[in-house]
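I have placed the structure first, in the form of structure tokens, so that the comments after it can refer back to it.
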Amino acid sequence: MSRTAVVAGVGPGLGASIARKFAREGCDVALLARTEPYVEALATELEATAGSGVPIPADVTDPGEVEAAFERVHDELGPVDVLVNHASGGSWKGLLELDVDEFESAMAVGPRGGFLCARAAVPDMLEGDGGTVIFTGATSAVRGRGGALGFSAAKFAVRGMAESMARELGPDGVHVAHVVIDGQIRPPDADVDDPDAYLDPDAIAESYWHLVEQDRSSWTLELDLRPHVESF
Amino acid sequence: MSRTAVVAGVGPGLGASIARKFAREGCDVALLARTEPYVEALATELEATAGSGVPIPADVTDPGEVEAAFERVHDELGPVDVLVNHASGGSWKGLLELDVDEFESAMAVGPRGGFLCARAAVPDMLEGDGGTVIFTGATSAVRGRGGALGFSAAKFAVRGMAESMARELGPDGVHVAHVVIDGQIRPPDADVDDPDAYLDPDAIAESYWHLVEQDRSSWTLELDLRPHVESF
Amino acid sequence: MSRTAVVAGVGPGLGASIARKFAREGCDVALLARTEPYVEALATELEATAGSGVPIPADVTDPGEVEAAFERVHDELGPVDVLVNHASGGSWKGLLELDVDEFESAMAVGPRGGFLCARAAVPDMLEGDGGTVIFTGATSAVRGRGGALGFSAAKFAVRGMAESMARELGPDGVHVAHVVIDGQIRPPDADVDDPDAYLDPDAIAESYWHLVEQDRSSWTLELDLRPHVESF
Amino acid sequence: MSRTAVVAGVGPGLGASIARKFAREGCDVALLARTEPYVEALATELEATAGSGVPIPADVTDPGEVEAAFERVHDELGPVDVLVNHASGGSWKGLLELDVDEFESAMAVGPRGGFLCARAAVPDMLEGDGGTVIFTGATSAVRGRGGALGFSAAKFAVRGMAESMARELGPDGVHVAHVVIDGQIRPPDADVDDPDAYLDPDAIAESYWHLVEQDRSSWTLELDLRPHVESF
């Protein structure tokens, strides 16, 4: 079965690895991000896969842009089967340094962006045979980090939203999952001193795909991922 | 020692019980809420206590109003020792019913309001002998509720913010705590069929005061409170 | 009201601080531990309080000794109102160093000892006006520690037992609580370089007493305690 | 690569599904359980797979039997690469009904059995290229169940042990994971009214295998599994 997948907040690194994995598995992947040249280059790269990539430049924090983006997805690829809410943001500042705009910005990218994309994609899943919504989380989604107030608040909010959606939508066939990335992801094209200290984004993407493939009798709400050498 | 306390989002019910308890213990309590007649009436009631109450009408979601409110607190009561972030909101709707404005509103009251009040109050504590910041949480802060997406996201966000602040500010003498209220609070002046099924707001206020009184060698980040008959 | 309290696994440090606090509040405190001279000396010390202390030498891991000990408590002090399961043990070794006897020993002290004492004390509470059972936990009760396998397994087991008992017994008026001590407790009579780095056992005892005093409309299942400077 | 896997506590249901999946993937699977006829029949069934099954009758709670069983595994299949600690037990009784033997029995099957098998298997993994240890958990491993005291204590203990082992052994290449099965597993050969209400054991086994296949840069410590219609 060919699936239509949306990776919202795709960028070099984990977002691209997810898009590549899903396209290799035959998905047509809508690549949502603000940076038009990047999503166009990635779409070109995905032509070599069993699936395809379609660049959809859009700001996930803007209700109008998200609506327009999902209209394009519908027109070009049909109803959405899989949504990965991958956008994340927020400067790492504590209470005393963070200003209101920075706080608002952190809350807009992850929580509001995730909400807007889910609201646009889930009706397709409910009308069809169900679907999958995956949220990318972080350690700061389960343990608030000192000195990263906006980031922690936003990551917690996304996790709470994912749990709420999982309980609302599971019985109707929509699998909502939250992945806790606990550690540093290996930067693309970078020489790193100790490769073992990083999560390999291609390896993470395998677990995302496993979540998509899970039978509805045995769905996972949350899993954590970390390098084998990580202290935690 | 007489303390200056701010109860942000005070209203009939738990907020009023906290204000009464703190005033009975000798605190001068700034009563922050949008409803001017309510906070004025509560302030009058608190004249009979060892402490006092000062009505400060303000919308905690508005940066300018919060700033002005804390200036009034400083002018009338001096530096803040204790802040209770009690404001909470958010309609209980799921993904398919919630609109963007309702989502934004939920995120404004708890997370942004809590952030704004903490930013205004904590510098006083750091300049003085430390202080206490308590966030009122709910079951939906630790377990996202299906059909209450905005509420769950907001309550999780507040918890993440509290954890982040606790780690940032604890070493400098500011005790940040998060209270998980797990159950229904007995409504004021209401006849209820089964009083045992509700949390008594005066009893909850005793635990808030215990958090204020804890020695800095043994601080609690989080405690839960529920009626003894509650299923959980 | 004068209460009968049992502190099981009392010793110098936190156990003694709990016994002292409870006796100061008027409790008659049964002091259960293996070391007879210690509990006798502590009992003598408690003569100066509003309550009293009764030495009950016993090994909490031995079903027969626990039964006999609680018979003595009944005979000398009457029905039990409060039980503190404070005994804890287990060498800090990982999988590769720990032998079966050490594993069994860890599981005997905390989990089996706690079970035996609760089984002996709770019927009194159910026949009377309810009561309180507090388990002393540790960080390793919520986060398994590498290199402390038996200790982690035992601390988790105690927490699971406490949660199960809380749900079983709460509706019948028995308050079961679990306290997570996160950090080092200041050793008695020791000069320490940095007193701020330790939990003060007398301060911890205040929170134990708060749990005993909580109104049944607003009970806490779990709270954590740590020094304000602790990294966590 | 052909792997040697041990499923400890295998029986009809999930244990058998795990053994079948692993054998289909080419593993030689040692089938540890007390019931000799059962493991022999299952081994015969696995002859049709790419791997194989070897019946190893043994009581996992008995240190001597576990030692002998793993000697047989070594002799017949070579060093162990994968261990699934699947044995579980414990009557569902509360504090007031559970006797000491029942409590001890619950603690023997899951915690002690898991400890004994891990101690026997992990040295092989450390001498080789690493390996995987998976513990089967349940809802009662993360939320103590009222009326199931021994079961809750045992399931918590196993989870604490798994976390401790994960932190101890991860850096040396041994992946330790804990799976929370949240719901009823479909009974083998049973007609059930509502198949959707159960976890399919074959579907669960897919997630166990995913854990075995995860790259060491991105290991999962814990995942939950439940039917899509489950209330949780």
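Letters A, B, C and D mark the chains in the order given here, with residues in each chain numbered from 1 onward.
Simple rule for what comes next: a contact is a pair of C-beta atoms (placed from the backbone, for glycine too) under 8 Å apart; a residue touches a chain by one contact, two chains touch by 3 or more.
Quick caveat: nothing in here was measured; it's all calculated off a predicted structure.
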- Query: Measuring between mean CA coordinates, which chain is farthest from chain C?
  - Reply: A
- Query: Taking each chain's centre as the mean of its CA atoms, how far is chain C from chain D in angstrom?
  - Reply: 33
- The distance between the C-alpha centres of chain B and chain D, rounded to whole Å, is 45
- Item | Residues within chain C bordering two or more other chains | 167
- Message: Can you tell me, using the touch rule above, whether these chains form a line, ring, star, complete graph or other shape?
- Response: ring
- Chain pairs that touch, as defined at the top of this document: A-B, A-D, B-C, C-D
- Message: Please output the residues of chain D touching chain C within their complex, sorted ascending.
- Response: 63, 94-96, 98, 100, 103-104, 107, 111-112, 115-116, 118-119, 122-123, 140-141, 143-149, 152-169
- Per the touch rule above, chain C residues touching chain B in the complex are 167, 170-171, 173, 175, 186, 195-196, 198-200, 203-204, 206-207, 210, 213-232
